[in-house]
Amino acid sequence: MAFEGVDFYQLDTLLSEEERAIRDTVRAWVDQHLMPVIGECYIEGRFPKELIPGLAELGVLGANLPEKYGCAGLNNVAYGLIMQELERGDSGIRSFASVQGALVMYPIHAYGSEEQKQHWLPRLAAGKEIGCFGLTEPDYGSNPAGMITTARETADGWVLNGTKMWITNGSQATVAIVWAKTGALDDPKSIRGFIVPTGTRGYTAKDQKGKLSLRASDTSEIHLEDVHLPKDALLPKSGGLKSPLGCLTQARYGIAWGAMGAAMACYDEARQYARDRVMFGKPIAATQIQQVRLAEMLTEITKAQCLALTLGRLKDQGTMTPQQVSLAKRNNVHIACECAREARRLLGANGILVEYHSMRHMANLESVYTYEGTHDMHGLILGQEITGIAAF
Amino acid sequence: MANTFAFAELRAGSARKVAFETVTAARAAADATGGGEVHALVLGGPGASAAAAQLARYGADLVQVVEHPALALGNPEVFAATAAARIKAGGYRAGFFPASAQGRDLAPRVAAALDLPLASDVTGFEITGDALIARHPAYIGKAVATLRLAATPALVSLRPGAITPVEQPRAGRVEMVEPALDPAQARVVVTAVTDRGAAKLDLGEAPVVVSGGRGLKAAENFRLVEELAAAFGNAAVGATRAVTDDGWRPSTDQIGQTGRMVSPALYVAVGISGAIQHLAGMRTARVIVAINRDKDAPIFKVADYGIVGDLFEVVPRLTEAVRKAREEH
Amino acid sequence: MKIAVCIKRVPDTEMRFAIAANRTSIDPAGLKFDLSDFDGYAVEVALRLVEKQPPGEVVAITLGPDAAQETLRKALSMGVDRGIHLAAAEVPFDGLAIARALAAELKEGGYDLILFGRMATDSGNGTVGPMTAELLGLPCVNAVSGLELAEGRGTAQRELEGATETVSFPLPAVLTIDEGIARPRLPSLKGIMSAKKKPVESRPAALGPVRLTVDVLELPKERAAGRIIGEGPDAVPELIRLLREEAKVL
């Protein structure tokens, strides 16, 4: 049966007709194209890359970037709704869209030259180029300032050396946005961004195997060994850690919406199951324990929805701060993890089968809890904002 | 006392079952309004008049026949023009058409040509001097509308299978008439009518329908359904949307809200969960049997008789038992 | 090619609904509305025809209250070029009244093709398309499941019971479209955003007399509860007995 969403506080009435139509079309696309294959992809550990052209045609990639670069030019609430609906399907597919849009297209748009924008953005929007974002390293996750990937300037360009890890789209990407230090290793202000076509000699990617989460997603290690780039590979307006962090703020905003999609999917599944599953002569929906379980889920989802919508309107207003995003990402992912787990428990034995979605979401959300700033890190970001004291 | 009109549909020169349903309805309407005559109209190729005798059995007093070589495969514009002309000239109280594939094309055109409203896809009706009240399934079977038709003649198209043909022989005088439109003038030309699988009984006409759903797990397992249908001897094979979407069966076999609506005497649902859109297509069957391994499947709520079990074990047993039962009969 | 597609705003038929207090319609509270399924196929057919052989224009026409304009915008977001709204407070059950209003609008439009879905999923009548064709004096092919056009003529397939009919017809013509011919495209995000900028005209619908009305709309009688008669293949003999003796269908 088609997914009908969760909207206990009639937040739909606060959306414009276009925002609803955008949400509905992505919802229908997920039902038609992603849901039939996601279980199989998850078990096989395969990203459904055959869906990329369809996603591109729908206009989902870089959807909140301007029309002049071949993008849909949507507002940020619409962008959030798209992330919500994609992750209602699977966190892996939403991760793909987050990386392509917020972590590859966004930095080119924000820090790139006009030539770079004209060349890359329309191709990335059309899914003809696939991008990945190289920031995290094996020893530098929560502390990207410590990265040891270097970019040495030469007479005719740059030479990059280093290893990045946990890179979504790393193996299938045709282009990588790589962050590297152009100065001393203890100088994070020297971090700059580079556009690296992955076919360049010295660039290799390796799939990270053995994942128990985000299985329907390409997660790779990328290795740069004396990768020579021309001068114009540099993103000219990038400089310091704030550049990659600016991208992360975009992605985290999308994730605050996306996580809700996963939570909504789990709640909806649990609610229907509770009505259909009969035990001791009555549906389990008639028992107090399951009713309270569902009430908790609905309460958290509704709060998260109010948070995300408000945040989206602030972003459209131009006044959104990264700390506000931290609060929403941290809360919404946390409640989504809880919803998924509780839904899985309500489903009983059936809840461990891939035929039901909650456990897949539950496993995926552990990655979402950890990436784009862990839950704990966002707590410290808020702590610093509240107290003025950095406790990292 | 007024006469009524019935459009009699042929296929390959022979009256279809819906023709008998239509005549039966016209007979009932005539009887209810003073006992007038039933006039049936038949159009077809040479030899079409042979259908008159069959129609007389079901209550046709007069059978007007148009025979023309160009009409053998059907001719929508000639049929519509002729039916409209006959109804206009006949002063009927009511006119009945089947809501068959042909009738759904024909009846509205006739109605519009005569500037008359049409109650379409009707499952039952009452008629008095002033009004015809008809029942019509709406919202893909999830609601029933009681319609009031305020016009004379009252034009109705009948859902196939809704009216049970009743043999009540009348004279069936044959009158050869001219088509109201020269077939050479017809713009829409039927160039071919190709049987889809010669031996297959049509879903709308078969007294028994055996349908399969996702529970069969794979396209090749549909042979279990086909074997059961063959055991009944007079059964057609249907499918759910899930199964036709996956290409296991042709979309013309789909029973449901956007597929075929069927009203057989017996409907056997094999490995079908009973999604609302499927139920919409078969819930008016007289008897429903369901076989499914999930005792909570919604199909059991509409089934008169249900067997909970593995269809791969139950169906072969049932096929065998049906075969034996029919041999003994 | 200039193609008109007549579309209708209907409630989403997957949802549960209740009968309204007036007992002649359904209660719209909480229901989602959208383009009727078969109308979606018709829009898709129109868009593909114009894409295959440009230049062309697709116009969507709908009859109904102001809310029907949402459905026009859905069609516009799929790629339809402009919309016409024939305003009527209520959509009558009498297909002839609707056909009258549509024919008046379509008459001077110079359309090569006028498409309808084969029936609306709310009324389930399937009469408006052929009636409109008759009022316009145009050839009509009903429930088309296959279509090819070439040089001012068309060839269509339609499903009869147990057979497929092939029909040849000249343009201009009216076609009603059945399922299976084309899956309707989802509106793209750009399509949704550009729909706002496409022209929509609204004028009153010239319905004329309405002579088919709904006396009562009700939910179907529940079938008498059935029963599960047994488990597994061992239940088969009992089923045979019941079918033979109780139901008398064997």
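The chains carry the letters A, B and C, assigned in the order they are written, with residues numbered from 1 in each.
Quick note on the criterion: a residue touches a chain if its C-beta (ideal position, glycine included) is under 8 Å from a C-beta of that chain, and two chains touch if they have at least 3 such contacts.
All figures in this text were calculated on a predicted structure; none of them were measured in a lab.
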| item | value |
| --- | --- |
| Smallest count of steps, each to a touching chain, taking chain A to chain C | 1 |
| Chain at maximum distance from chain A, centres defined as averaged CA atoms | B |
| Between chain A and chain C, centroid-to-centroid distance (C-alpha), Å | 39 |
| Separation of mean Cα positions, chain C and chain B [Å, integer] | 21 |
| Distance between chain centroids, defined by C-alpha means - chain A, chain B (Å) | 54 |
| Residue numbers of chain A (touch at least two other chains) | 1 |
| Residue numbers of chain B (touch at least two other chains) | none |
| Multi-partner residues of chain C (at least 2 other chains) | 14 |
| Chain B residues within the chain C interface of the complex | 11, 16, 73-74, 76-77, 80, 100-102, 104-105, 107-109, 111-113, 115-121, 133, 136-151, 160, 187-197, 200-205, 208, 251-252, 257-259, 265-266, 276-277, 283, 286-289, 295, 300-310, 313-314, 316-318, 321-322, 325-326, 329 |
| Sites on chain A touched by chain B in the complex | 1, 276-278 |
| Residues of chain B touching chain A in the complex | 275, 296 |
| Chain A residues within the chain C interface of the complex | 1-2, 4, 17-18, 21-22, 25, 28-29, 32, 57-60, 63, 67, 72-74, 78, 82 |
| In the complex, chain C residues that touch chain B | 11, 13-14, 17, 19, 26, 37-38, 93-97, 99, 121-135, 139-143, 155, 158-170, 173, 179-180, 211-220, 223-233, 235-237, 239-240, 242-244, 247, 249-250 |
